[in-house]
Amino acid sequence: MFEYKINKEVSLKLEDYTDSKGLFDLVDSSRSHLSEWLSWVDKIQTENDIKESIRRDLIDFSKQEGMYFVILYKGEIVGTVGLKYFQWDVKSAEIGYWLAPDYLGKGIMTEAVKGVMAYGFDYVSLDKIEIWAAEENLKSRSIPERLGFVQEGMRRNNELIKGTYHTMMIYGMLKSEWKTVNS
Amino acid sequence: MFEYKINKEVSLKLEDYTDSKGLFDLVDSSRSHLSEWLSWVDKIQTENDIKESIRRDLIDFSKQEGMYFVILYKGEIVGTVGLKYFQWDVKSAEIGYWLAPDYLGKGIMTEAVKGVMAYGFDYVSLDKIEIWAAEENLKSRSIPERLGFVQEGMRRNNELIKGTYHTMMIYGMLKSEWKTVNS
Amino acid sequence: MFEYKINKEVSLKLEDYTDSKGLFDLVDSSRSHLSEWLSWVDKIQTENDIKESIRRDLIDFSKQEGMYFVILYKGEIVGTVGLKYFQWDVKSAEIGYWLAPDYLGKGIMTEAVKGVMAYGFDYVSLDKIEIWAAEENLKSRSIPERLGFVQEGMRRNNELIKGTYHTMMIYGMLKSEWKTVNS
Amino acid sequence: MFEYKINKEVSLKLEDYTDSKGLFDLVDSSRSHLSEWLSWVDKIQTENDIKESIRRDLIDFSKQEGMYFVILYKGEIVGTVGLKYFQWDVKSAEIGYWLAPDYLGKGIMTEAVKGVMAYGFDYVSLDKIEIWAAEENLKSRSIPERLGFVQEGMRRNNELIKGTYHTMMIYGMLKSEWKTVNS
Amino acid sequence: MFEYKINKEVSLKLEDYTDSKGLFDLVDSSRSHLSEWLSWVDKIQTENDIKESIRRDLIDFSKQEGMYFVILYKGEIVGTVGLKYFQWDVKSAEIGYWLAPDYLGKGIMTEAVKGVMAYGFDYVSLDKIEIWAAEENLKSRSIPERLGFVQEGMRRNNELIKGTYHTMMIYGMLKSEWKTVNS
Amino acid sequence: MFEYKINKEVSLKLEDYTDSKGLFDLVDSSRSHLSEWLSWVDKIQTENDIKESIRRDLIDFSKQEGMYFVILYKGEIVGTVGLKYFQWDVKSAEIGYWLAPDYLGKGIMTEAVKGVMAYGFDYVSLDKIEIWAAEENLKSRSIPERLGFVQEGMRRNNELIKGTYHTMMIYGMLKSEWKTVNS
């Protein structure tokens, strides 16, 4: 219920407190894989930490600063995707995502991000969507590249992961470009 | 997207800021009908008032105090339904609702409330759901009565509408009763 | 000083921080008796817990949401009584109370509640006063019954005490009824 | 009810919202007299301004920063007196007061302040009480002088009234001195 | 007093409330020039608006999120420069600035920014400093270019000025690069 | 940088987070000396406690309630001096200060206070500056006495140090007096 069916196997559901156990178990069992590029993973030690992060996400939602979804694959939670860092003056937001390692290579994330792009451009009326990824995180960078985002530049040393600075690549797609791609 | 299909014609959608225009137009055109029993209607004079009420609803949601849905009938917004006044110690909440007058008599609200009951008992794990309605508001009272709620009592003079006190009827259904009804 | 003399032996005093030691000792020595029907008793483990609850009560007072009094019997603190859950739109509030077991059977609470009723109807201009009590708590229910309150109904499973749901009985008295009783 | 009888004619009552009309009328009709030495009087233009000031006073009370009383003379509100600027580390507070001009010269304020001193030293356990008054405000200074306070010094130009700086005289009484005076 | 002398003519001073009149007059007389690239200029209509913005800047300062300086040229306020958007995890911040048009072309801003860079790298221990400027704002872009910043990329349509989206150029300098330049 | 040079050896710098280590080391090594008259010294046990106190000072600054400076002697931090307890209605503030014992007897504090007085009267436009000191703290009292402050009075038992009440002497200087002294 309250799902957004993207295709037969993939759907999105607004993240709420009923997801806390499912998300915690997934993060906990994918810990070593996820923590390579996600600095928040080490802070999630109990289901309560997930509940607290859901609470923050829902407050973001109430302020129109973010929208967070769990990705369901054949009914199972396999990751999350969200629109965040809304800049309403320029009608822009960033898509962020992570997927448990067992579900990589099935095209799930590409479909999920396409779904959120449609949601963001059509439903929320954004004019631009960005995706940021660390320079060396090729798996993450492949999503915007596959979806036709423009690589606009980078910000050097803009992320700290396990004590090392990483340069972030900035990808962007304007609504006009998306319409061309989708027509 | 992000809908909960109840039957072919009726579905629910989590209320968010994109609903503000649709809700305002509906409230505005149903004003005389709705204000008979809903004291908040007179406070909604512009779309901004609806936005402010959506903001309050989403803050309730982030605090686990309420969940509010718009009711879609053949894709059109025709009213709202919600779970509110959560009492987590006794796992109880109240269902509130309103429907635009043009859509009365089609069984829409009965179906929508049944959907929210399934959502509340199964998904949110409530042990009890209540519905409160003014003694003289027979249309509203018919919903819990049709759905098999127990009339537990009343609270005299517990609502002020257009300057007159009204007695509120308290209807309740326990999870155990709901399971019996639904099996 | 600052007392409201109800009769020669019973008086009320607005609860403040100087009552913290007296209240803590009373709760602590009446713990097993009080905790049968009052879920908050187990949370009071030190005098500081009482101070914190006085702080909350005084904040309620500053917001016009509650007024809390200690009951003095021959100058000793023997319990508390208060007006709470003010609903200013319908000019209604609820009276809550507890008495240490050594002082039961002397009519102290009946007199204290009568005093608060006069205070609520005459001084605060309420139109209705309610008393809620668990169905099986016959001692507590005897107060509104003796004072002529109407039993308006119940809310099933609306209180959790020591892990068990209890049905709450709702008693109410309108100002018009009170005037009849008191004339 | 909830009064502190000081003598047959004078009593104190904790200031609450039911006093707003009485206080406003008194301030309004004593405006020219009171505004000579009280800079807040000009800010009170409607009963709502009094309500707001009562709200602030009650919040002070909940934080143990102040306690404010109305002075009743033969049952009528004639002024206020309060303990404020509590310094809990040195167990000290200041008494402030004003009286409507029609009631001057009857010894009302001297009795009211004596009552608050007993309240402060005995009930609240203060070690010191101060009274501050503008150098030229001889009427106000006569109260601490009559009651045996020590004039400890002054702070020059420490009050702004109608655009002119005034030097404030500081009077103080220690608990030990008060015991000597009162024995 | 409390100045940071950069050379004989240029110095910086931490912005505080005593600057409100000077800043307002400068903004007001440079309004048409400044508003071309600074969207906040139109919101400054009175000296109070400047005071409010100083208040926000000082709160940023107390949270270690920003530091704002007025630029003095021969003792006159001629503009401001600041470190803002501190990202303490990656020890990075952005320099922002504006200069009244009468003082352009004298190398004042280049010197002021060099001063803030020394302050940021040496005193605040930053590892990276960025400067962002609209693509068409060649005057602003000339500062980082003259100072040897690396142009890392851009963010398309990331600023809204007078109803038109502008692409922002991102310039960055690492501490290691700055040391090379300055040695 | 951002210093206010008072003479060749003494200067003031607005206190900020970069001072936390220097201040902590100074307080820690002067602990027994400082704690004789400063009750806050015992609460500073780690550098984080100093950071927290800097945070509070900067918040005071943003509210125009205080300004705090470190005193540099030949470039070393040797103590602090500040303007606090601003009373904007009467344009008054109090100067507070402390010096590490190794630097006593060099006239440093007298010069630092003179600098802050110039800052307060000329730059901040105060009409009065006060200095408060415990009656028995002759070293601290010698500063205002040497600088020509008027001893206006005292407040008995107004400070608690190591469990003992101390009387505070109030010294004040009006702007008019300062101008006479300085001309």
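Couple of notes before you dig in:
Which chain is which? They are A, B, C, D, E and F, in the order written, and residues in each are numbered from 1.
Criterion: a residue touches a chain if its C-beta (ideal position, glycine included) is under 8 Å from a C-beta of that chain, and two chains touch if they have at least 3 such contacts.
Heads up on the chains, UniProt names are A, B, C, D, E, F = Ribosomal-protein-serine acetyltransferase.
Please read these numbers as outputs of a predicted model, since none were measured by experiment.
Touching subunit A and subunit E together: no chain.
Farthest chain from subunit B (centres taken as the mean of C-alpha atoms): F.
Comparing contact pairs by residue number, the interface of B-C is reproduced by A-E among A-B, A-E or E-F, since over half of the pairs coincide.
Judged by shared residue numbers over all numbers used at their interface, subunit A and subunit B contact each other through mostly the same positions, with over half in common. With chains reduced to the mean position of their C-alpha atoms, the one farthest from subunit E is C.
Separating the centre of subunit D from that of subunit F, both taken as means of CA atoms, is a distance of 33 Å. Between the CA-based centres of subunit A and subunit F the separation comes to 52 Å, rounded to the whole angstrom.
With centres defined as mean CA coordinates, subunit D is found 61 Å away from subunit A. Across the assembly, subunit C contributes no residue in contact with two or more other chains. Chain-to-chain contact here is organised cyclically: the chains close a single ring, every chain touching exactly two others. From subunit D, with subunit F next, the chains follow one another around the ring as D, F, E, A, B, C. Residues 87, 89-90, 92, 127-128, 130, 150, 152-160, 165, 170, 172, 174 of subunit E touch subunit A in their complex. The touching residues of subunit B, when paired with subunit A in their complex, are 1-4, 12-14, 16-18, 55, 58-59, 61-62, 64, 115, 119, 123-124.
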